[in-house]
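Got a structure for you, written out below as structure tokens; questions coming shortly.
Per-chain residue numbering starts at 1, and chain names A, B, C, D, E and F are given in the order in which the chains are listed.
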Amino acid sequence: MSALNYTGRALKNLFSKPATTKYPFEPADFKERTRGHVENDMDKCILCGLCQMKCPTGAITVDKKEQTWTIRPFSCIQCRCCVDGCPKKSLSMGRKYQEPGEEKISKTFDLSDSQKEALAAQAKAAAERAAAAKAAMEAKKKAEAEAAAKASAE
Amino acid sequence: MLILLFLFFFTLMMSVVTAMIREEKLRGAVVITGSIVMMIADIVFCVWAFTHGVSQNGVMRFLPESAVTETCTYVFMAAEVFLFLLISVLSVKHGKWYCILLSAFGTFPVLWLDVTHKAVENLPMLKIDDLTIMMFMVVGIVGGLISIYAVGYLHDYHIHHKDVENRSQHFQALLFLFLTAMYGLITSDALSWMFFFWEITSTISFLLIGYTRKPEAVTNSFRALWMNLLGGCGFMVAIMYCALCLHVGSITELVELGPKAEGIVIPVVFLSLAAITKSAQMPFSRWLLGAMVAPTPSSALLHSATMVKAGVYLLIRISPLFEGNLGGIMITTIGGFTFFAASLLAISQSDGKKVLAYSTISNLGLITACAGVGQPAATWAAVMLLLFHAVSKSLMFLAVGAVENATGSRDVEDMHGMIVKFPKMAYVMTVGICGMFLAPFGMLVAKWAALKAYIDSNNVTLVIFLVFGSATTMFYWGKWLGKLYVVLHQSERHRDVVHKSEWRVMYCLTAMIVALCTLFPMIGSVFVQPVLSQSFGKTVGTIISENDIRVMLMMLVMIGLMPVLAALLIKNRKEKMTMAYMSGVNAGDDRHFIDSVGGIRPSYLSNWYMEDWFGEKKILNPSLYLSAAAVTIMMIVAVGGAL
Amino acid sequence: MKMSKSPWLLHYDASSCNGCDIEVLASTTPRYDVERFGVINTGNPKHADILVVTGGVNNQTKMVVKQLYSQMPDPKVVIAAGICACDGGIFKECYNVNGGVDTVIPVDIYVPGCAVRPEALIDGVVKAVKLLDEKREAMKNHASCEVHYSKKPEKEDK
Amino acid sequence: MGNRSVVPFGPQHPVLPEPIHLDLVLEDEKVVDAIPSIGFIHRGLEKLVDKKDFNEMVYVAERICGICSFGHGFGYCDAVEHIMDIEVPKRADYLRTILFEMSRMHSHILWLGLMADAFGFESLFMDSWRVREKILDMFEAATGGRVIFSIVKIGGMRRDIPNEMLSDFLKTIDEIEKDLEIIIRTFLNDRAVKSRLCGVGVLTPEQVEALGCCGPYLRGSGVRRDTRKLGYAAYDDIEFDIVTSDDCDTYGRTYVRAMEILQSISIIRQAITKIPDGPVETLVKGFPNGEYMTRIEQPRGEACFYVKASGKKFIDRLRVRTPTFANIPALTQTLQGCDLADVPILVLAIDPCISCTER
Amino acid sequence: MNITMALVSILIYLVAAPVVGLAFEGYDRVVSARMQNRKGPSFFQPVYDLCKLFQKQSIVVNNMQTALVLGFVIFTIFTGCIFFAGGDILLVFFAHSLADMFLILAAYSANSPYSSLGAQREFMQTMAYEPMTLLTAIGFYMVCGSFNVSDVINQDVPAIVRAPGIFLGFCFCLLIIFRKSPFDLATSHHAHQEMVKGLTQDLAGNIYGLQELGELYASVQMLAIAGLFFICKNPISYVVAVVAVIVVYFFVLLADNIFPRVKWEVMLSSTWAVTFILGGGNFLILTMLKIAGK
Amino acid sequence: MERELKEIPEESLLNETQAIRAEGYRLIQICATTVKEGGYEILYTFGKGYDEMNLRFHTDGKKPVQSISHIFSPAWLYENEIHDLFGLEICDMVLDFRGGLYRTNEKAPFAHKEEEGK
């Protein structure tokens, strides 16, 4: 049992440098892993919509028609789920947090032109492939039909 | 002189007349007219006495012709026997034998003294000086006002208390009889006469306490009786000793002997004993609390304004004899202690009348202590305290009584929100309460003077009692005052059932308090200082400096202006009204909140009473024992030393 | 003198998970010390200039938030701290979460984060404080006043 | 005597930054009765199992409470892992233990600070929270978040903590230990502080058991029980003694918490030295089917996670019984007869976390 | 002291007291923050705070509050005027409790549980420190033979020499009067109190500003009384007094940072014990000296 | 750690609980679950040291469930919660909030199982 235990610390604090950071007068220091906000490298995104599906708060919208990727930072809980799940590693976690604001903004990103082209090319290729497959299928069907017709004729 | 006789006999007659009138309306009218006449006579007498005799010689003493004295003495003796018989009959009826013994012990020796002519004769039986005049003012005006108040009060009282037999004509009669006795008491200079009136007041108090005839009332009345009779016995011993050993028969002569005279200590301590029982000092304080069962007018008149003052009046009369002897020490210690202990006890009370009772005891303690110092300055303070207390306290009693009739409760807690529910009453009470403890009102000024006097007389204990006691006093008055000022929005107003006459009386008293506060320097220098100079045989200087008085008058004016200022402010400001804070769960207004189970509950916070610290259970008995021990020891030492 | 130099803060937890609460509290402690900007954490709506709400609201806290807001003297600013307070966060689909604070009272500044970072909160306060000054200017022209008491007291209290 | 009054204490009240509400029945300053109401921050997150699949529920579980967020995420994962018979890699177990104990430290230091604040010792509060920041820094370095970590997942950890970082932690922990010395001394030895803690809220060992208390609240009354001894995560491999106190009052509870900070420091040291290398997660296949109840020792005491699933993506029922919930009956009991000035102290004595209590 | 002198010093008081009070509060804020290892607000923070309060909307719980708080401010200032005009110290304390009563009534009038509790506790605090303040006045009287400040400052030796116990006792009470830990029971600046803000709970906006202003005047007055112990004829003593007051205030701040808040029982009994022992003891010795001196 | 689960009929709840109490167990938790096939099951967990003992019964929710708060005093909290969230009547609780413990937006939100999926 003793009294006035804290006197020494209080006096010492008085004459030593305070533990307070200089923020906001100096930039804040974030750790390497700090989960601040979600970034999308629109060069890589393929608009697959996986992130939209996985996001537990529904903060991401992927619009395939308009070819945009939208995030509502005022809904994002920085769970990093989308980042981990992105098949193209197009998403990453930025260290800086979203600035506070007077409105709950949402951020929309257009697909980068190169990616648009790539996607278009892919889509075209896919379409061609599909067309080819269709054609093949139809040819096959036709062949079958013909074969059947032949058979029935016989 | 004639006026004095008129006053005396008129009051006596009033008593007889009211006792005979059954019809309530008529009696009310008679009482009111009678009281007014009495008050006028009283004032006329005071003015007369002041402008004649007193102002020139400082004092008037009457040495009636011996035939008159003789007659009076026989009348008194007869009355005393009658009193004894009355007490005996009642005591037998209620099985309280010891009262008879005490009464007999108090009555017969004095009778014996008179019958055997051992008493000192050819005395000036009566004496009128400034102090008497002051007491006349108090007794006459406060008494008259209370008698008027009682008319309306009793009417309502019996409406609310159907179980109590209506004996209001007796009540009224006893009040007048009491006033007569009081007049006698304060004009008497002869010890035996004073004793006679003293016993009468004791008996009347006893009868009034027992007014309701309920078991509790009876018990309390007998407690008051035996304590006062015990005091009477003390008085008797003092008279005997004065007559037989000192050969003096009046207070003036006794005081003239001076504090150093041989054997003087014995009558002094016995008179003090009488005084402290009458003034309900510890250890005899309990009767006064019990006395609160009586209807309020009697509490106001007997048990705060006048009768209990008889004790301290006696002490003030003999205060020069206290200087530097054991009697003085005993009185100051008991008084100081009572002041402190009773104010502590008052903290734990929520019954308005009990708070008032404890406060009365406490303030009487202060007066007692002042008188016991035996210094002019202290006695000045005592007289001022007596005056202020009488007026403020009777106002408070009347107000509480009126509240009780209007709302059915006299509990301080039930005065919650009075400022909205019953604003007139709240203002009246505010003046009464502030008068009791706040600067710049009267009581505080007097207390201040007392403090100064204690310091100057090097009385360390008293100073300590006083500083602690005034802190506790502030607490219990303050929280009462606070309750009145709670603003309960949209509460229903109490129906104002208080009679016009009662209001008038309370307004008068309120006005008197204000007047006294304004005029106290004048009262102090014109009335009180001369008496003291004369009885102490030295000139008494100014007690409170002019500068301070000026400052206090300024404060008074400022306080007076506060309501005006407030009214102006409220008119010209447009504040946003919001709800009181209740942790965010007000139920839509600021009188209710949503409780734990989702229901709606009224919000109300009671005052603190701290039974565990200041409760009667905790400190009443210890302080009674302590003071009883102190009184006993000091009396034994004093008497033993003197013999 | 500007009002912005002395923003006093009232914190209410409308239904947060504590994460944001402790960060609000942490911003008053030595490391972040918002008292540098004059912020005092008063517990009393009547002294507060800034209401910081954490967590989304439900029917039970709705009243409380409303009431605290109404007890604050103008000018006042509301900060919704944390994603829950902004739009209900991960709990917005819960049956007992109505959504963000803006479903009940007007929110001036949204501070995102789950949990909200003290730095973000400092930024939010700095923004809020500017609004205080603006609102003060606006207030000079009109004085609002409203009275709301229940019609009739139910019987006598006590 | 008409001096009983009911005072609404909370939900908005500065000594309760969390919205618990108490109806205090007062007699002067004495509390003669107290009725709690805890519905203010009920969200209904247990019902979210209908809307989030069993993997996503981890994020919800973490946000049951921001103070021991880690524990809740872990507890939920542990229950599901039991149902699915998943063997978690050893390294993940050790990481879980380390983070768990860091949570305990930060939670207890936070509590010490709040307690200091409740009895009006502002500088002590500030000092405790200054020290706590160092732990939060470690969290941020390891997981990227200061209070919500998002690092556990069913089947292990989402990220590894590199060994260099762990050895940095050891250094920070040494610093913290040094800083804590004076704080703990003031709490446990200062006469004035003791006068506010000793003899406040006394509950005998029998009473705490009957009231179903748990955690430091239980051990502060001399009952030796600590769910960590059940040996989940890596606790089996680590030596530690259960801290108890025979004071049975708020001082005892303070003592237990203060000593548990030091104990956590020792556990973290042991775990960091013993941690094996290897993977931190295993692949999870299929959906859970079955039921299980995990009991773990959160900073505030034993928490139970009951999971019932029937082989679908969405589990049937998640029920979390949190330590505060278990301690509330004891709180109501100790409040009866205390002083108003002790109410904050007694409320804090259970270290209330209303968020998880009401979920 | 003649009339002009008195008027001049009252004027100076009226103008300077808020400034001095704010300076002390700024000193308080900075030092407290540093003791807690924080950077803390600027020295001028109290000025900002006060200005802000006066710019806020006034919201009230009832119409009486404004008037009562105004009463508090007026009488507090008046109390100071008595003191600085060289008036009676005893009267200063009496007027002070009158002023306090207004504040308490304002709290009562709100009918909110926390205001009312604060009011009760304020009573308790007043009850705790009043004996000591009265003894302080008495101490001056014993030492200087007069209750008047004007006489006290014309002493040959400062009062502290003969009344050190009373001085210490008074400093002890300053902890209560300045609402510092361990005795900040009725209200507190940092509201981590079971009382929330107690006494000042339901004062808001500029009315709260008024109340703060009143408190500033009151605290300057109390510091002046503490300084009075050091003042004598010698002009240097004024400098000594200022330094002494700063030191006293520093110890008050230190106490604020190294003690938990106690309960009212402890406050009452410890304050009364200190009053009795230090105040009463000193007074007893002074009395004995006086008797011996005769 | 030992862990035991007993399925009991609803009527024998009080008897079983009484017996468990006599053996020196404490209450750990009470948990209600909505059963898809209809009705509810209520799981009582008791502990003694590190050991655990579970009782479970099924109720259709039509008639009130007996409170065990006379036997295990802290049960009132769990039972009130079950009453408010599941809408089950529970009789003879020592402290009955009558639905005021959780004042939820919708009454008895757990009473019905929602359709699965987001």
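To be clear about the criterion, a contact is a pair of C-beta atoms (placed from the backbone, for glycine too) under 8 Å apart; a residue touches a chain by one contact, two chains touch by 3 or more.
Worth saying up front: this structure is predicted, and the values here are computed from it rather than measured.
Here the chain-to-chain distance from chain C to chain D, counted in touching steps, is 1. Shared contact partners of chain D and chain F, listed by label: B, C. Relative to chain D, the most remote chain by averaged C-alpha coordinates is B. Highest C-beta contact pair count among chain pairs: B-E. The chain with its CA mean position farthest from that of chain A is B.
Relative to the centroid of every protein C-alpha atom shown, the closest chain centre, again from C-alpha atoms, is found for E.
Chain B has its Cα centroid 88 Å from the Cα centroid of chain A.
Chain centres here are Cα means. That of chain B falls 68 Å from that of chain F.
Averaged C-alpha coordinates put the centre of chain B at 36 Å from the centre of chain E.
If you average the Cα atoms of chain D and of chain E, the two centres end up 44 Å apart.
Contact of a single residue of chain A with at least two other chains is seen at positions 4-6, 10, 13, 18-20, 56, 77-79. Of all residues in chain F, those that touch two or more other chains are 97, 100-104, 109. In chain B, the residues that reach two or more other chains under the touch definition are 413-414, 488-489, 575-579, 581-585, 590-591, 594, 596-598, 603-605, 607-608.
In terms of which chains touch, the assembly is arranged in some other way, matching none of the line, ring, star or all-to-all patterns. Pairwise, the chains that touch each other are A-C, A-D, A-E, B-C, B-D, B-E, B-F, C-D, C-E, C-F, D-E, D-F. Of all residues in chain B, those touching chain C in their complex are 413-414, 416, 488-492, 574-579, 581, 584-592, 594, 602-604.
Those residues of chain C whose C-beta lies close enough to touch chain A in the complex are 30-33, 36, 79, 83, 86-87, 89-90, 92, 108-114, 117, 119-120, 122-124, 126-127.
In the complex of the two chains, the chain C residues touching chain B come out as 12, 44-46, 63-65, 67-68, 70-71, 73-74, 143-150, 152-154, 156-158. For chain A in complex with chain D, the residues that touch the partner chain are 1-6, 8-10, 13, 19, 30-35, 54, 56, 77-81, 84, 93.
Interface residues of chain C facing chain D in the complex, by the touch rule stated above, are 10-26, 29-31, 41-45, 55-56, 58, 60-61, 64, 68, 89-91, 93-97, 114-115, 117, 158.
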